[in-house]
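The following blocks contain the structures, represented as structure tokens.
The same chain A turns up in both complexes below, where it pairs with chain B and then with chain C.
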Partner chain A sequence: MRRAPSVILIVAAVVALGLVPVLAPPFYANLLVPFYGYAIALLGFNLLFGYGGLLSFGHAMFLGLGAYGAAVIAGVWGIKEFEIVLIGAALAGLVVALPLGWLVVRYTGIFFGMLTLAFGMLTHSVLFKFYHLTGGDSGMRVPRMRLLGLEFAAYNKIELMAGPFYYYCLALMLIAAFLMWRIVHSPFGLHLRSLRDNAQKALYLGVRVHQFRLAAFVISAIYGAIGGAILGFRTGLADPELVYWTHSGHLVFMTVLGGFSSFLGPIIGALALTLLQDQLQSYTQYWRFVLGAILALVVIFLPRGLAGLAADVGSFLSSPRRRPGPVQLPEHSQPGVLGPGLRRDDVA
Partner chain B sequence: MKLSRRTVLKSIAATGAAATSPGVFAPAIAQAKPCRLGILAPRTGIAASPGISGLRATEWAVERFNAGGGIAGRKIELVIEEETSPKDTIERFQKLVQQDKVDCVLGIISTGVALALGPVVEESRALTIFWDGTTQDGVEEKLPNARYLFKSTDNECEAVMSSLLAIKHWKGQFKRIAGINPDYSYGRNNMAAFIALLKRFNIEHEVVTEQWPKVGTMELTSNVAALKAAKPDLIFSSLLFADLPVFMKQAAAAELTKGIKLVFPAAGFQHTLMKKDFTPEGMLFGHNTLYFDNPNATPMAKEFVAWYADKQKDYPNWEADRAYFALASYKAAVEAAAKAKGSAWPSNDDVIDAMVGLSVESLGGKGSWRKDHIADQTFVQGFSTHNNKYDFVTLDPARIETMYSADLQKPAGANFWEWLKTAQFKI
Partner chain C sequence: MTPLIETRGVSKHYGAFRALDDISIAVRAGEFVSIVGPNGAGKTTLVNLLTGLLVPTNGEVYFKGENIAGVGPVALATRGMARTFQLVQIFPQLTVAETIGAAVVTHQGKQWRLLSPLLADEAISARVAEIAGIFGLEQRLATLSRLLSQGEKKLLDVASAFALQPQVILLDEPTSGVSTAEKHTVMKTLVGAARAAGVDAIILVEHDMDLVASYSHRIIALSEGKVLADLPPDAFFADPAIIETVVGKRRGH
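Up next, the complex of A and B:
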């Protein structure tokens, strides 16, 4: 019964998103296409971070992999079916994440973060330096593709993005979210959370620590590559900046802003940051400064992000006679715990 | 006031007659609506300095044009958005076109961004004039048949000019050459163009080292050490962002710049930071399409530089010229098209047709538009001197060289490397 209001809110949000191309100016439908790419990537990122306690600082490499995968499949090989591009991008994510994950999931906390950062920068260097293969700093063009076999020839690219591709991405995000919901609520998800909360105890109970973390890493990579393919199609370009560490930081920012302790938090964060950045860029050239200040304020005052704030407001409104007690912080935001999977003891 | 039925009817009739009279209300409405121009320029990061220089020139030009009646009678109103990554800049562009409904978009410095934005411009059918961006992947044109997009001169123009000047003035005075260039297509193509021209003119040379620091790298001592160890007679460098003055300081401290020839085609991007303390005299120094202290400048350019120095306490770099050229071209094209249509505001297609072949006197000299929508502009380079009133180097007035880009960039559809082998250069 307690879930009913949440379900109603989610349905209302989906309906609202579905009405954007109809009711809002076309600019906003265009603006939200990258949001869907990020939302899908962050669903995977949060499986690793929020549920697995592993904070990757190099996750943008998988988005880059998806975008470059789209450039190769559609641009170089000439296969312009977006569904095949998505499958190809997911396979590329899988192939790269398997050996990489095998190595990095043996580490946690700062070591995991640094290793993923290192591999991310290594990927950036490869994309940047191998001019003849990757186009170097100019990147690779991602051509227009067919959706479900349909050309949509009557639409120019902006109309395609604000119409058919918008709904395509909305549907993709809903499917990705549904699958992720099943994953995190499966025994696998439970195992993953147990590893996040106390890996040693889980190990004693027979949980295969590395295998579960590797599976989470691979799934998150596949989600990242799919998100990257959407971004590549939207921009028409796969460039090395997609893989740069600042882009990985962008993913972390969105997740923290939305709230990594909630399933929908990263999606909310992606939407909030997309809209916030659009407004700030129009008002001030110091928009990065404002974003930095907002991140600091969120970390200090809203450790559970916008999703946590919404939950608190919801519980306050549903019990008007009771003032909410002290906010129960997630385990990893309590004193003595530096972050998911990283205790003060780990760095002492 | 007493109103009778007759008075009211007379008033209504008079108003109706006035409203239906041609040339009374319609043009007044059209002219009352400002001409909105969208500007996309970097204001932060390593490209902030040229971006801000371009923005200031745009503001100066708008003030000047509005004082003279605007564009074809419509006052200019600017909507400024920031140029950042390709993805974000495309979003800003779409906002300008779809949300702000601007008449024309001007700006863009990074060719990386321009490459991604070019197809979007064409899809949007929104007239756009790039300040400094091309749609060339390296030296290969990716949008050869652009209709709505007008692009800047080739990025390699300044390197071709510097190479020709180095050959003209220093032939026989160097053999061992070294390069330190930014590690992206611009830097690599410039160095390759220099070497190709040395071969073309049968200049005996040996490349002793090539250094490729990433753009914006501020610690260049290892590159300086490698250059020093290679003992070159000449260093060719296309460094142009904040890393350029840092390199010069570190090179001067290591005594690398003493007694060797320096060819820096794009040093003018940072000209006020090229202090006399560490920038030697006699280096070949490129100012691209605007040299602020040019004794041969037009009165308009001198007025602009004086305004810039007075208001901004600074001196403009070439991006100011690119920005002015883009805006002045748009104004001239609109007014030419409007004149042809009997003063009505022209359509985008009319303006585009009027742009092709149009010539404008820009801040740095003459500029014009080719049939393939690529600009031709006047380039200025020369040899550095300390003999001036500033704390940074300027060009020796007796050794300033000017070339029009028709002699520096490949013709429409040509292959750059093949063109270098066969072009008739006027040295």
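Up next, the complex of A and C:
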């Protein structure tokens, strides 16, 4: 019942995104390229947070890893194939996340958050201080790369971003989302959600709690590094700001804004924040203040984020309550429990 | 016949405090064994040792002839031991089908299938439906666990343990929080389900002597960390000294 309209909505959204470079000025397509980078990173971030119950405050380090990886592979080594850069970034994510994750997934809640924050800060210091390797605060240049072996020599940077690279990123996001959809709906995904809800009970059902948390951590790191490589290519720069803790906070913000309890929430959050930030920056220099206020309001009034709001509006529109006749509540419903703030629902 | 579960001279000390002292017990296939004792007698510690959660200070714990001291719950779940908890344990945001499914995934060894769709796996859904049927939860498969009634949550907790298809199941006060009127119904469901699921042995940790008397083949009484008695129900209840120690002021409730 719910599935059909969701699929139509998703197809419509993909078509609309596909039409942006055709119908809107290049500015908007160019603006949306980082959105794709963030969307991919957040798909991974939410496997860890929304499905695994682990909130990382240092996840930006993996975006930085992807961007610096792109700078090293394409800039220093001169391998200017973006596909190789993506594979390299993913491998870097894997190699870094394995030992780091092995350590940090032993902790949960605030301890996990603080540990990831600490490692993020550590990464920032390394990038900032090792000037001769990383360029310090001026960062490393990420050169223009070939896409699928094509040079696109006739395009300037803006045209490349608003044209071929835009579609490349859209396709990449769709592939990443499809794979993540399969992961969260697999037996592995079920075990991950069970340990999020009750780790002790999960243990006694044979759920390998540490191993599964580590797997989720590594997958989220790979997604983060791929998103970071896109960001690096877009700005042409990998700089320490990418891994600074405020950038990790930015990822959390987008996820909460969109709604971490739904699959598409983080993508919606990334899109909303990208557009919102652009608008606010053109109106006021106090845009951070406004963003902070919005985050507070979302947490208080929309704990399931924009995706939750959309689901509520959708179910209200299709609810039998709007038709005459007695209200039919599910047999075991209790008013407080079924309140809009607490009901969980995977959109789509 | 080799016992399914056996402890040999097991002790568990916390500093100077001896939670368990030189415990040797055995549970064989086909047995329903109850572990009773007043609060602080060491029942919980023994359960945690039997389920591989704690490592004994001295002695060994064997499950199917293997030393399982400290191997942990995951290893035991895959080897055929399941337990339930005194306080009902559920996955609030998972449906009934998903909760049972988590155990079925473990039992069928499919936990590392990262990209195969769960819903399309007919072996998993068939087993989930079968287990739900045994516990009368088949109408609740799509319901979120936290929306179930307290009794249903208890049944789901136990159902998910049964879904591991264990040889031994350890029930830690399965009727706590259940009304006096319902406790026999719950126990009958559990014992019937155990037979239907092919469980070889049941270990029951219980305060309620009425339940213990009705279902056990053998009763092990603990007192101050030691085995006070290990007797069939007739002999157990024939000894006023044991009853006095174990039941104490509870008699007449």
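The criterion applied here is as follows: the second predicted complex is superposed on the first by the 319 of 348 C-alpha atoms of A that agree within 3 Å, B and C clash if a C-alpha of one lies under 4 Å from a C-alpha of the other, contacts with A are read in each partner's own complex, and residues count from 1 in each chain.
Operating definition for what follows: a residue touches a chain if its C-beta (ideal position, glycine included) is under 8 Å from a C-beta of that chain, and two chains touch if they have at least 3 such contacts.
Computed from a predicted structure; not experimentally measured.
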Chain B versus chain C as contact partner of A:R193, first or second or both or neither: second
Chain B versus chain C as contact partner of A:D239, first or second or both or neither: first
Partner chain in contact with A:N156 - chain B first, chain C second, else both or neither: first
Partner chain(s) touched by A:Y204 [first = chain B, second = chain C, both, neither]: second
Touching partner for A:F217 - first (chain B), second (chain C), both, neither: neither
Touching partner for A:H185 - first (chain B), second (chain C), both, neither: second
Which of chain B and chain C A:Y168 touches, first, second, both or neither: neither
Partner chain in contact with A:S138 - chain B first, chain C second, else both or neither: first
Chain A positions touched by chain B in one structure and by chain C in the second: none
Residues of chain C defined as touching chain A within the complex: 51, 72-74, 77-78, 82-83, 85, 89-94, 98-99, 101-103, 105-107, 110-119, 121, 124, 143-144, 146-149, 157, 160-161, 163-164
Chain B residues within the chain A interface of the complex: 43-44, 81-82, 85-88, 90-92, 94-95, 98-99, 111-112, 115-116, 119-120, 123-125, 137-138, 142, 183-185, 188
Interface residues, chain A side, partner chain C - complex: 179, 182-183, 185-191, 193-194, 196-198, 200-209, 212, 215, 330, 332-334, 337, 344
Chain A residues within the chain B interface of the complex: 25-27, 30-31, 34, 128-129, 131, 135-139, 141, 156-158, 231, 234-237, 239, 241, 277-278, 281-282, 285, 287-288
